[in-house]
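In this document, chain identifiers A, B, C and D correspond to the written order of the chains, with residue numbering beginning at 1 in each.
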Amino acid sequence: MSSGTDIYHEMIVDYSRNPINYGEIEDHDVTFHDSNPLCGDSIDIDMKIDDQKVSDIKFHGKGCAICMACTSVLTEITKGKSLEEVKKIDKNDILSELGLEHLQAVRIKCALLSLKVLKSALYTYLGAHLENTEGIDKLKTEAENLY
Amino acid sequence: MSSGTDIYHEMIVDYSRNPINYGEIEDHDVTFHDSNPLCGDSIDIDMKIDDQKVSDIKFHGKGCAICMACTSVLTEITKGKSLEEVKKIDKNDILSELGLEHLQAVRIKCALLSLKVLKSALYTYLGAHLENTEGIDKLKTEAENLY
Amino acid sequence: MQSTESSFENLRNDFPILKRTVRDNKRLVYLDNASTTQKPNQVIDAITDYYQNHNANIHRAVYALAEESTEAYEAARDKIANFVNVKNRQELIFVRGTTEAINLVAYAWGRPHINEGDIIVTTEYEHHSNIVPWQLLTQEKRAKLEYIGMNDDGELNLDDLDKYLATGKVKLVTFSLMSNVLGTITDAEKIIAKCKAAGVLTLIDGAQAVPHMKVDLDTLGCDFFAFSGHKMLAPTGIGILWVRKSVLQTMSPFHGGGDMIREVHKYETTWNDLPYKFEAGTPNIADVIGFGAAIDYLTKIGMDNVRQHEIELTTYAMEKFAKIPGLQIYGTKDITKRGGVISFNFADVHPHDVADIIDKEGISLRSGHHCAQVLMERLNVAATSRASFYIYNTKKDVDALIDSLNIVAKVFKL
Amino acid sequence: MQSTESSFENLRNDFPILKRTVRDNKRLVYLDNASTTQKPNQVIDAITDYYQNHNANIHRAVYALAEESTEAYEAARDKIANFVNVKNRQELIFVRGTTEAINLVAYAWGRPHINEGDIIVTTEYEHHSNIVPWQLLTQEKRAKLEYIGMNDDGELNLDDLDKYLATGKVKLVTFSLMSNVLGTITDAEKIIAKCKAAGVLTLIDGAQAVPHMKVDLDTLGCDFFAFSGHKMLAPTGIGILWVRKSVLQTMSPFHGGGDMIREVHKYETTWNDLPYKFEAGTPNIADVIGFGAAIDYLTKIGMDNVRQHEIELTTYAMEKFAKIPGLQIYGTKDITKRGGVISFNFADVHPHDVADIIDKEGISLRSGHHCAQVLMERLNVAATSRASFYIYNTKKDVDALIDSLNIVAKVFKL
């Protein structure tokens, strides 16, 4: 099998057919949608937040096997984490889990779309639940420096 | 002297300093202005028309030696001619008079700007003095086919 | 030149890129021609020759180089006019590509002519560049954008057009002469006849048609026509907007700047003659000349031969595809009604994964929405894979594609 | 590389066109660099290499060629960002040239922000491309266009600017960093400081400045900046619009089409990230990459050396010109305040005749209004002759120009 098909190992193919945490949360505390303008992949993430922790997370949307597998892994990593911990989730946490460290640039976007959606959801939630307006600039800077 | 300076013979240089028919006609019957968008040469021609003949013609404006010489020659040719004869004045009438048959494309525009102004003036006059509206389409076609 | 497989095989030698290998030393099988085509030596050399021997700005200077470059630039305009049978060269405007051409129309014709309540009609299989400019325009003007629908074979439902025309509010009908996803060849004559009867202007997006079949603007009878050079052997960055003179004369200037003016004063300005009024600033001179070389190349082959070659390849590919279980082709199967563009989906495998896996075999195939998301919604798919052919493709390329799909099947256990 | 005459002499070998002869076997003396420059082999080869080895459409596909071309295209953006010291690559938009850049601002920023009674301020020595777009915009919006005047040395009269700013109605001040006719280097810092104090945005036309001196956008502090590749060794058809991000975020889309969208639906559309929102359609990929090669070339020479070389040539030429009776130079004689552009008139001989006569000697010189008719009116001349230098020009070129002017004197019996 040529090197190119290496990334399409068992786990990726399985996740693409049977994604984890697929679905919607009706009474979510935050939801976010984004898409990849180049290829049309599109992901929605819903989260339930209790006690500053992600008590439940689900996603739905359309995407390639890479996108579906990464979103499955990401939501699995996120579930149960505190919001501060979610802030720190890094692209390598997902890529290494799936052996995708050497993806080419265009495919990286497929792999990381859900991370972008997750972080956007997180900052949307944080922004909406600020106790005072002082923190908003700090939040904005944090959010802007994500990518 | 190299071939290039051949076009700058005595007559051209003289006309450029001492153009013929330079000036304005206060009580003209028709006047027209046009310019060359590429180089900025700009010419106005005034004509007095009596009995369907060009009884007087003058021009003013700014232009290079080629433009000035050609306009001098053109106005000289035009003076006294009937409007039907003016219709027939051809670019070669001017170019051959000045030995400019082999001008390059950009300079041709300098040489023929005044002819364009003259014809525009002519058709402006004819359009304004139509006896009935039937002739207008014929005139328009004639004018459109000039270039 | 004869339209035989061997003569088409020979012209592969003109395309240096076809000799290179990709990934693990794989032969390059380039099947993304609907996106952009490769360039023959004749075109590359024309650009090189321009820069090595003639480069100068055009139109304004008297010196030798400027004379040569102006002549070459305007000669290319004449070649293109001749190629699509335009009688009046003043009607041909150089632009960056189809996208700029259509936006130019939306700004310079649309803004002075479209008013509140007017309707612009487009179709469900348009490229984004023939949808978004009209969305922007109709939103600004409080006008409406309507769509001609299509049947499941990818053919337009002209009853929709009749319905919109009957309102008396339609100002423009705009459509692609060939869909970049389905390959459908639009029945332009019928649409134009209906629009003419209703006194409505028509714009044709010819980006996919002009490279692949004979197009005759003089007999077609539309009012605006756009196409891109880079999809027909010419360099990137150059394309054509053609506008019927009587319509062009009603258009406002688009870009202000050098070359498009007659006289500039502090507070007023007059415009240059056509087509220069619409070509502001230093144009893409070298690539215009390269476009001329591409036209020469295609003319020598003959557009009927190009079309015939693609019909043969497409027929061959469709037959092979039909034998692959789980492979679905979109659009009509009637080869006389479609160009050499085949969009498909392979079982439940996402097109990105298809493209990625076969890329490792050297196959360059496009996957995604192909800038036609409205059509994707209509087809109810997220994306498709798309193979599109040109003069240098061969049956061997099709075979390589088919072989590579077997690998996809294996990886995804189909 | 050392800034010595001999090292500049050496780099002439990189420019194949300089080896050709024109007219009657005359050495080519190219002195129209303010209009467009010649191209070194390094740039020509970059284009050829792209078409021979990497050509594919960018951004959308996964296959090898598309990956390579996308990488090369985006690498050129980084090179250019670095060259003019832009920290955020999202602020750099590829356009056809300065003209398109300024028109893009007039449409996408101007139309949403300019209202009735607002004032846009420009200067008397602008190129048409920095006047006409503002005439069109202010006419549409019933706003006003005002001009900063200049003194007889070709320096701006900033009291005019103060006067307009005092009205509180100015929304934009736009000016060229170097005049393409007089060579005047504008005191941008002073203008920008005044505008910032008044909360007014500034646009700089850098078409003449960027090719000839170090420009640092990070310290300059303007809001919009435009320049053209073809005036700095790069191919025709490519240029840059830079917009400060906070301003760019307030701009409407310009062209609608592929690549600038996020999601297209029938009746609404969302936009792509910056800068792609403003790069609709297939861009001029090959020439972007050629632009990158030109940047590499200039970086290697060093922009301070380029400036130094031109100062030497211009000083030499001005001294020689001063000795010709009847020859009048426009603009300041202070070499630190001007670039290598010398406009002149020779007695009563029309500039066209000057250019035509010396063309026969191989001298390529521009005559005319140089797309600056407002300035011609201010100088009260119909036209000027203009010599403009670049890195490959030598004192020998200046000598050849001076010699050829003697022929003009003879023909016109001066």
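Keep this in mind: contacts are C-beta pairs under 8 Å (C-beta built on N, C-alpha and C of every residue); 3 or more make two chains touch, one makes a residue touch a chain.
For clarity, every value in this text was computed on a predicted model and none was experimentally measured.
Touching subunit C and subunit D together: A, B. Chain centres here are Cα averages; for subunit A and subunit D they lie 45 Å apart. Between subunit A and subunit B, the centres computed from C-alpha atoms are 75 Å apart. Averaged C-alpha coordinates give centres for subunit A and subunit C that are 37 Å from one another. Annotation for subunit B: residues 38-39, 42, 107 touch two or more other chains. Looking at subunit C, one finds that residues 23, 60-62, 66, 259, 261, 263, 352, 356, 359, 367-368, 373 touch two or more other chains. Shown here, the protein chains touch in an arrangement that is not a line, ring, star or fully connected set.
Subunit A meets subunit D in the complex at residues 35, 37-39, 42, 104-107.
Residues of subunit A that touch subunit C in their complex: 2-5, 7-8, 13, 16-17, 38-42, 62-67, 107, 110. The touching residues of subunit C, when paired with subunit B in their complex, are 59-62, 66-67, 70-71, 259, 261-263, 272-273, 276.
Within the complex formed with subunit B, the residues of subunit D that make contact are 23-24, 348-353, 356-357, 359-361, 367-369, 373, 376, 382-383, 407, 411-413. The part of subunit C that touches subunit D in the complex is made up of residues 16-17, 20, 22-23, 28, 30, 32, 35-36, 38-39, 43-44, 47-48, 51-57, 60-66, 96-100, 102-103, 106-107, 127-129, 131-136, 145, 147, 228, 230, 235-238, 253-261, 263-269, 280-287, 352, 355-356, 359, 362-368, 371, 373-374, 377.
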